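What follows is a set of structures for review.
In what comes next, chain A is part of two complexes: it sits with chain B in the first one and with chain C in the second one.
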Partner chain A sequence: MTRALLVVVSLAVGVAPAGPAQAAPPAKLAASLSRLFGPGTRVDSLRVDSNVVLRISRGDSLLGFAQVGNVIGKDQPITFLVAVDPADRLKDIDVLVYREPYGGEVAYEPWRKQFRGKTAADSLRVGKGIRSISGATISVQAVTAGVRRILGDLTAWHQAGAIR
Partner chain B sequence: MPRYFPTPKILTLVTALGFGATAIAVPLAAQERTTVGGYGEIHYVDPSTGHPTVDVRRFVLYLAHSFNDNIAVRSELEIEDAKVEPSGAAGEVEVEQVFLDYRLRDWLTLRTGLVLVPVGIINETHEPPTFNGVARPAFDQDVIPTTWREIGVGAVGTVPAVAGLSYRVFLVNGLRAEGFSGATGIREGSGEGQNASFANPSLTGRLEWARPGLRIGGSFWYGGTANGDSVLGTGSFAAPLTLVAADARYDVGAASFRGEVANISASDAGAIGQRYGTVIASRLAGGYLEAGYNLLAVLAHSSSQKVIAFVRHERYDLQAGVPAGVIKDRSLARRVTTFGLTYKPLWNVVFKGDYQLVRNRAGVGEQQIVSLGVGYQF
Partner chain C sequence: MSDRLTWGALPPAIRTLARWITIVQLVGYTTSLVFVWWTTRLVPIGIAGHYRGTDPEGSEAAMQFAKSFSEMLTITHTHLLSMAVIFVLTGLGVALCALSSERLKRFLIAEPFAALLVSFTAMWLMRYADPRFAWLLEASSGVLAVTFYVQSYLILRELARAKGAA
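The block that comes next holds the complex of A and B.
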């Protein structure tokens, strides 16, 4: 652990149509990456066009990539993280900041775990592969669309060699 | 434990691909933001007892402004029945809700203003694509006086220890017994934010639990209704009214189910009736069950559109209990059965059609209603 260097960037990555970018608190981002990839990893940030992709590794082995996105819920941005493994399978998502008064159930494990193991080829649509939560429809739709887009981007960039 | 450097200027080194060093400066300052949204519904209604009508039933503008990450104002301005004329009996323009939210924690947002009373499903969530049937359930008109809103202060948030559990609790202005009647229940007792009496501050709240496909909730209201009347009592909780309600929404595969029940009791109904020369029920009760099935799950498996066939059965009694010596009006023991189709090309656009059978235990004034409607939200 002492060898490991963890660089966590507090960054803002917009996912259309998110509007102004919102920041993820560094502590929450660090905790999320630690939960997903284990403690003591090295995190580098890569730029692809205007996007920032986090590359997570330990020693010489690549553990995966992650990206922070924002989508608008009813009126507030929802800041979330999408993490993939080196085979472009979705490891998990995390809701880093939820600002709406209702619909926060998208942050909970029973909903998030539906995304695990999905690839860009899978159906990531509400009602088709992803169950909705009644009373939280707007947040569910927004986060699902945001995850779908980021997973597609990460997969395309990885396969094209833009991130590796 | 992971270590990180939360300083504003973080250098991240990218060596593998020659992107070069990238410095990312992050604007942490909260941004002000104004959001516009809305919903609407247009109805065609053909009752067996009269002529068909068409109506812009509701046109609602949602306007929210975030002053920073924690403080926001949220509002809805609603026009019912397309227009309001000085002489006309129809049509309303109303501020349906306007409140300030001050978010302190995930589990605590302070809310002040004209708020929706957190009772049942439809009172809080009534955007047309969220429910089956052209009209809102009759139960949510006659028993729960939708859209029930009052001015008050309270808190909303999630319960930290239990995933999926959330609450809202408010102290709001109370109902006025003077507005109660046999046929309209407690509906006309609501202040709706207009010079409302604060003689009977009332408590209302809701606890709900959600997970994918399921949401269940329980709600209450408790408060006086005397409005400072010298006969009924001038205490804050004089002529009290108690409401308890429960509801559930469950989706599994192509099937969807929902239901609501409520019980309203007014222990001083006899005194209220005598005071205002009318019959006031001591208890109103009932509910409905609804089941739907997305036909496209069978007919067009790959489609993300929905065509939901549904049936809803409502059964409620606006005079489930009456004061001693009063004879019940059995036409207020109602049953409404609705068969319909809901077509949703998108999750937030809806075309609806249904057939309703409206009956009551007295067997008078029964009718069938055919309705068509379009609705949207954004």
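The block that comes next holds the complex of A and C.
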């Protein structure tokens, strides 16, 4: 990961409406973006109202968009990333910071991969397209609702030309 | 033996307290068994899956992942300490019963504590050594539950007799 990527990511996290207590560590966010979109990408911060959207590109080609979100689990915020490709299909999600003592299984690959390829038109509800996790029901519900909201926002903003 | 303290010799208010503690514990213990049935179906394969995880692609039901070391420690200390308190209360209740067999009384008092240690040892062995230890866990937990219901029955029966004699 490049220093430039870290700087842009730091800027994006710093102005996120979630507030500093719920922000993702810049290094974690940079590592997540690198995992999802590959190394050597350019990350720009775009603003839509009070939201910060990350645009990821390589050279002249757009690779996708991403946004950091926060939802409340049992009583702590869960900080996660939603990444979409240029066709508004969900590329992947990443749990950046999990603060609760229980329910951290929402960060596990077998659960996260259920979201890949979904669009805003798909059912992103627990029990209808998304399976739950035994012992992590609250976190599953919270993260699923958060992903659904961000995917809907990113799709709407992209289709409206607010992000490009 | 007549020189021993029994429920009949205790004030009615203490017997009322004991009766209601026993009833509430019966409801609580039964609820916990329903919870275990709900999460494991009370079969060894379900118990092993609950702690060791199951194949995420194996079914459409809720995913089950292996319990972490930290979760295992939490489960162990919370259950051991709270269940020890339950069996201290029922053990005291049985100790105050006028059973004809002193040996049976002592067995009923001591058995749950031994079963608790066996159960949680089996739980760790099942998680980290071999899933077949689920059979030992199920057997010792079953004996524990039966002992609890026998203890509760004896206490409530003795309290009813003491009330009738008063």
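Heads up, the rule we're going with is that the second predicted complex is superposed on the first by the 144 of 164 C-alpha atoms of A that agree within 3 Å, B and C clash if a C-alpha of one lies under 4 Å from a C-alpha of the other, contacts with A are read in each partner's own complex, and residues count from 1 in each chain.
Rule of thumb we're sticking to: contacts are C-beta pairs under 8 Å (C-beta built on N, C-alpha and C of every residue); 3 or more make two chains touch, one makes a residue touch a chain.
What you see is a predicted model; the values in this text were computed from it and never measured.
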Aligned on chain A, chain B and chain C: do they clash or fit?
clash
Look at A:Val52 in the shared chain and tell me whether it touches chain B only, chain C only, both, or neither; answer first, second, both or neither.
first
Applying the document's definition of touch, where does A:Thr119 land relative to chain B and chain C: first, second, both, or neither?
neither
Let me test your reading of the model: by the given contact rule, A:Arg164 touches which partner, first (chain B), second (chain C), both or neither?
first
Per the contact definition in the header, classify A:Pro26: touching chain B only (first), chain C only (second), both, or neither.
first
Pick one for A:Tyr102: touches chain B only (first), chain C only (second), both, or neither.
both
Decide which partner touches more residues of chain A, taking chain B and chain C as the two options.
B
Flag for me the stretch of chain B that overlaps chain C after superposition; candidates: 62-70, 80-88, 278-286 or 296-304.
278-286
So the chain A residues that chain B and chain C both touch are 101-102, 104-105, 108, 110-111, 131-135, 137
Chain C partner contacts - residues on chain A that touch it in the complex
101-102, 104-105, 108, 110-111, 131-135, 137
Which of the residues in chain C come into contact with chain A in the complex?
39, 50, 56-57, 60-65, 68, 70-71, 74
Residue ranges of chain A touching chain B (in the complex, touch as defined):
6-12, 19-23, 26-27, 30-31, 33-34, 39-41, 44-47, 52, 55, 72, 74-76, 98-99, 101-102, 104-105, 108-111, 114, 125-128, 131-137, 141, 162-164
Taking the touch rule as given, give the residues of chain B at its contact with chain A in the complex, in rising order.
1-6, 10, 12-17, 19, 22, 24, 26-28, 31, 33, 35, 37, 64, 66, 69, 72, 74, 101, 103, 106, 109, 111, 125, 130, 156-158, 163-164, 166, 208, 210-215, 249, 251, 258, 304, 306, 347-348
